[in-house]
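Both complexes below contain chain A, partnered by chain B and then by chain C.
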Partner chain A sequence: MDQWLNPYYLQIVMFMLINAMLGISIYFTLATGQLSLGNAGFMSVGAYTSALLSLKAGLPLYLSIPAGGVAACVLAAVIGIPATRLQGIYLAIATLGFGEVVRVIILNMKVTNGALGLSGIPALSVQIGKQLNSLGLGSGLGGITVQQLSNLSVIGLLALVVIFLVFFALRLRHSRLGRAFAAIKDDEHAAEVTGVDTVRYKLLAFFMSAFVAGIAGALAAHITFYIGPKDFSYHRAVEILLFAVLGGGNVIWGPLLGAGILTLLPELLRTVADYREMIYGGILVIMMIFRPQGLISEETLRLWRSKLFPAAKTEQEAVARRSAG
Partner chain B sequence: MISMRKSMKKFGAAALAMLFTVTAAGCGGGSTSTQGGTAAGGTAKIGVVSYLSGGGAAYGEAIRQGLELARDEINAKGKVKIELVIEDSKGEKNEAINATNKLIHKDNVVAIVGPTLSGEMFAVGPIASQAGVSIMGTSTTAEGITDIGNTVFRNSLPESLAIPPAVKKAKEKFGLKKVAIMYSNNNDFAVSGFKTFEKAIKENGMEIVTTETFADKDTDFSAQLTKIASLQPDAIMVAGLYQEAALILKKAREIGLNVPVVGNNGFNSPQLIKAAGSAAEGAIVASPWYPGKDDATVKNFIAAYKAKYNKEPDQFAAQAYDALYIIADALEKAGTTSDVKKVRDSLAAVKDFHGVTGNFAFDANRNPAMDVTVLIVKDGKFTELK
Partner chain C sequence: MMLALKQVGKNFGGLAALAGISFEVHGGEILGIIGPNGAGKTTLFNLITGVMSPSQGDIVFREKSIVGTRPHQITQLGIARTFQNIRLFGNLSALENVMVGMHCRTQAGLWQGLWRTGKQRQEEADIREKALAMLALTGIADVSQALAGSLPYGKQRRLEIARALAADPEIILLDEPAAGMNESETDDLKQLVARIRDLGKAVVLIEHDIQLMMTLCDRIVVLNFGQKIAEGDPASIQANPAVIEAYLGKEEG
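Moving on, here comes the complex of A and B:
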């Protein structure tokens, strides 16, 4: 049991869950066919907002973290209204530029402490630990120390957010909104002709993406004690995109799997020390060659579903026929 | 209803997938950690978190080489046996956090050397502190590092101790009255250096004619230097890394700005002279590490380093080399290779240590208390500025 609750593993799980949120955030924009690379920027806005609110204004974390999401959303409105009118690679460039602009602004602001970054950010696990102490669990629970318990609580909290987001994304897919998103993704002009308000829906997806990225950034700030502008550079934006590219951007499980693999892989590769980067790069290249559409696509899901639940197959086909017709 | 059932099924599949990844992670870790447990016997495991790949890999590599040289020497002497567990941080916060967690909780190291950057230390210091494991920065010069927790040490001279003597000495020597400052504003280390420069300049009653900024990896400094030249300062103070510093020196000399240039720790590298050539003449930096020092320890170190790696050691290697000797000293006095608390206390009590960077002791805040030598580049070599 103790082996399993090793803080090292727990920390990796936390990073996996944070990255899963970032994966979901890029999924939302991809669902409308928008290639937005501004997620690192939104993440930094969320992280800095929440960190500053809790550090300087003493706001409790349960308020400062959502505030981070909201701040990212506000910024998304500023950048999104002009940017979502751009398409394809132009949007990618504009949002990538936006991310860099945010980073440079943070780098030059006094309140963000410039390149030195913010240290001593109130940690989520410490806060939860205090709560547990006040609940009389200071000595732990059934052989689990209070530190492990608070780490587990953080993981529980992050997992809840991820599960909620996944559920939301799944429900969204089959809603009126989701259908509109899918229509825009397939052919924006056709969608517009059939009466879908493409600008509004694209903007909405952009907002959702920014909000989730902001929340993820805020949570990340509170599980790592320190944030600096370097954490949100262009590399981070590419990393987030990679979650979707590797895992597959068409279904929600793709970015989730991508985030999981890309967080775990560097850690598993620590045993090979010097060859780590090489093998990591190699694996990415090989995956892209054999699965250019990403690890999980709609076909993969259908295949597995028919294998795992043969009974459901006929029902599936019925659904497919109906939506096709 | 159908979509509801469908999403439930998707959930089932996802839960399975999640379980699978978690199990895989658990298994992978479990087997190696038992391996680590048996190896710990009579040797002390020291973790190393270093910037070994990416833009600052040159620093991390020098640190690693310094540590490995020290390890071999210490093990050959046989008073304490040290095993190094080296992890790469890529200069990234999350990587450093994972590396530190792994070292502490999986490899069960008794102390950690590193990480390379101050920003990384701000992120991993609290983790080590919480676990009670001593962590010692050999190149983390920013303000406030040791305030993180009482197991956070450093043997890198903080800017607040290195810059003021350099500024003071330069003023005395060259009669400086007005100076210009340049610093890299996207580098935490340089920004911290700039702040210290500003303070030291004011304390010495000099006037700052202008403050110019640049960024790491910039290659063109003509705009800033032309402006500075027009203001005719008596000296330029530069906070940055040697790559940019060398280019600044070159450009300054090119446009006829032949004033002394006082640098922060970033100047403290043989690479600066190599890159800037004759333009480096007149560059001033304060350092505890002075390769030309007439001291047997220093000479032996340089000879051994040259023999092993076929190049001159720099300050990063020297400080890392000393750091491991300091830890070995603490381990010997603590008489343990596994009790982290005893090691910490023993480390905090280190004093009268004589290393390649001079006489060394930790002050009450676990910062180094050591002498600095102000150096000036003369005839292509760092020489003491007397």
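Moving on, here comes the complex of A and C:
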């Protein structure tokens, strides 16, 4: 058991879940056909807001982390209102620029401690550990130390957030708003003329994306205890984009799979760590050539569904036969 | 009078695509708009639906000017349209396309969609039922689950009409709905347009098929080089020298 619950493995799982949130964050903007690369920027705003609030103002984490999400949302309002009027590549460039601006501002501010970054950020696991102690679990539970227990609790918490977000995304897809999102993605002009307030929904998707990225950033800050401007550079933005490119940006499972693979890959490829960026670039090119829709697309899901639930398939075929006959 | 255009003009750079266009659309009529290519017919639709703003003049719908109103608001007010070059949501099913058409007549937001409140479920059921009714009306109920992009051409045209009807408009603008259709498909379309009128909706129709227009329309407006050159019932249009000249050229001598 101890072998599997070592802090290194546990930390990888935590990063996987954080990256899953970031994948969901980019999925929300992609769901309306917007290519926004500002997620690293929103992530940093969430991370610094929550870190500073808990470090300097002593705010408890259950308040500072949501505050990180809200701060990202406020910033999204400032840049989103003009930026979401941009289309395609122009939006991508504007949001990428925004991320860099945020990074440079953080780099030059006193309160963020410039290039040195913030250290000693209150740790989520320590907070949870204290709670466990007060519950009388100070000596651990069934051979698991209290440290492992609190780490597992953090993973549980992160997993809950991810599960909620996936649930949210799936519900959204089959609701009035989700259909409006999908319509905008397919043909923005036709959606507007069909009666969908495209400006409003693109902005809403932008907000949702920023909020999730902010929360993910805040959680990451309290898991790594240290954040610096380097963590949220251009590379981070590209990495988040890669989750969607590799896994597929059309269905929620795509970015999740992409986040999982791209979190594990660097750990498995430790020996060639120097070539990481090159490998990422290679993946991007190969995907664009052979599978631009990503590993999981809507067709993939349909195929699996018909394999897993053959009953539903024959029913569909019967409907098709009836209508043909 | 439902919709009135008053001296409407549209300039692109120095070119007047439309100038001094005035006509009215009444409830429950089929108004045809004909004219040679480049006469400004689609531009007219773009002005009415708010896709473009007129350079001059005013467009009045139910006693209120709709100039400067955004397209989705105009749809909500009660004017829906189809496109000359089909613009469906190709990755959504036919049914979902029509359901999007009902967007401006429904309310459920993020929160209700997330928790599937009773009200939201009721609304979804209503949307689905009405959307299916629209598919049945346009004769494509059998392909409700197919992706819109995979449908044959004729059915895509019908789906566009179903989607526009789903917004429950008082006026529906159809931009060349019979383009590329064979004779029997055109006949079906004719019946469909008549049925839409019988629902009490006004239909404004752009079409090149003169035979179709003469038999289907209650009134016809003729455009040429951005000007209105004639307006009247089909018989008078057919006899109008200006119209004949626009289509066939001037007789020598």
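Just so it is clear, the second predicted complex is superposed on the first by the 293 of 325 C-alpha atoms of A that agree within 3 Å, B and C clash if a C-alpha of one lies under 4 Å from a C-alpha of the other, contacts with A are read in each partner's own complex, and residues count from 1 in each chain.
The rule is simple: a residue touches a chain if its C-beta (ideal position, glycine included) is under 8 Å from a C-beta of that chain, and two chains touch if they have at least 3 such contacts.
Keep in mind that this is a model prediction, so the values were computed, not measured.
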Worksheet item: By residue count, is chain A touched more by chain B or by chain C?
Response: B
Worksheet item: After lining up the shared chain so the two structures overlap, which partner does A:H189 touch, if you call chain B first and chain C second: first, second, both or neither?
Response: second
Worksheet item: Who does A:D197 touch here: chain B (first), chain C (second), both, or neither?
Response: second
Discussion item. Quick check for you: in the superposed arrangement, does A:W4 touch first (chain B), second (chain C), both or neither?
Written reply: first
Item to complete: Look at A:E298 in the shared chain and tell me whether it touches chain B only, chain C only, both, or neither; answer first, second, both or neither.
Response: second
Worksheet item: Of the partners chain B and chain C, which touch A:P66 in the superposed model: first, second, both, neither?
Response: neither
Worksheet item: Does chain B (first) or chain C (second) touch A:G117, or do both, or does neither?
Response: first
Practice prompt. State whether A:R176 touches chain B only (first), chain C only (second), both chains, or neither.
Written response: second
Discussion item. Going by the contact rule set out at the top, does A:G97 touch chain B (first), chain C (second), both, or neither?
Written reply: neither
Fill in: Overlap of the chain B and chain C footprints on chain A, listed as residue numbers
171, 319
Item to complete: Mind listing the chain B positions that touch chain A in their complex?
Response: 2-3, 6-7, 9-11, 13-14, 17-18, 21-22, 24-26, 28-30, 32-33, 53, 86-88, 92-95, 97-99, 101-102, 104-106, 118-119, 122-123, 125-127, 130-131, 142, 144, 148, 185-188, 190-192
Practice prompt. Please name which positions on chain C make contact with chain A in the complex.
Written response: 49, 51, 70-72, 75-76, 80-81, 83, 87-92, 96-97, 99-101, 103-110, 112-114, 116, 120, 123-124, 127, 142-143, 145, 163-164, 167
Response to the item:
Given the complex, residues on chain A that touch chain C span 168, 171-172, 175-180, 182-183, 185-187, 189-198, 204, 250, 298, 316, 319, 323
Discussion item. Can you tell me which positions in chain A touch chain B when the two form their complex?
Written reply: 3-4, 6-9, 11-13, 15-16, 107-108, 114-117, 119-120, 123, 147, 166-167, 170-171, 174, 224-231, 253, 256-257, 260-261, 264, 266-268, 270-271, 273, 276-277, 301, 304-305, 308-309, 312, 315, 319
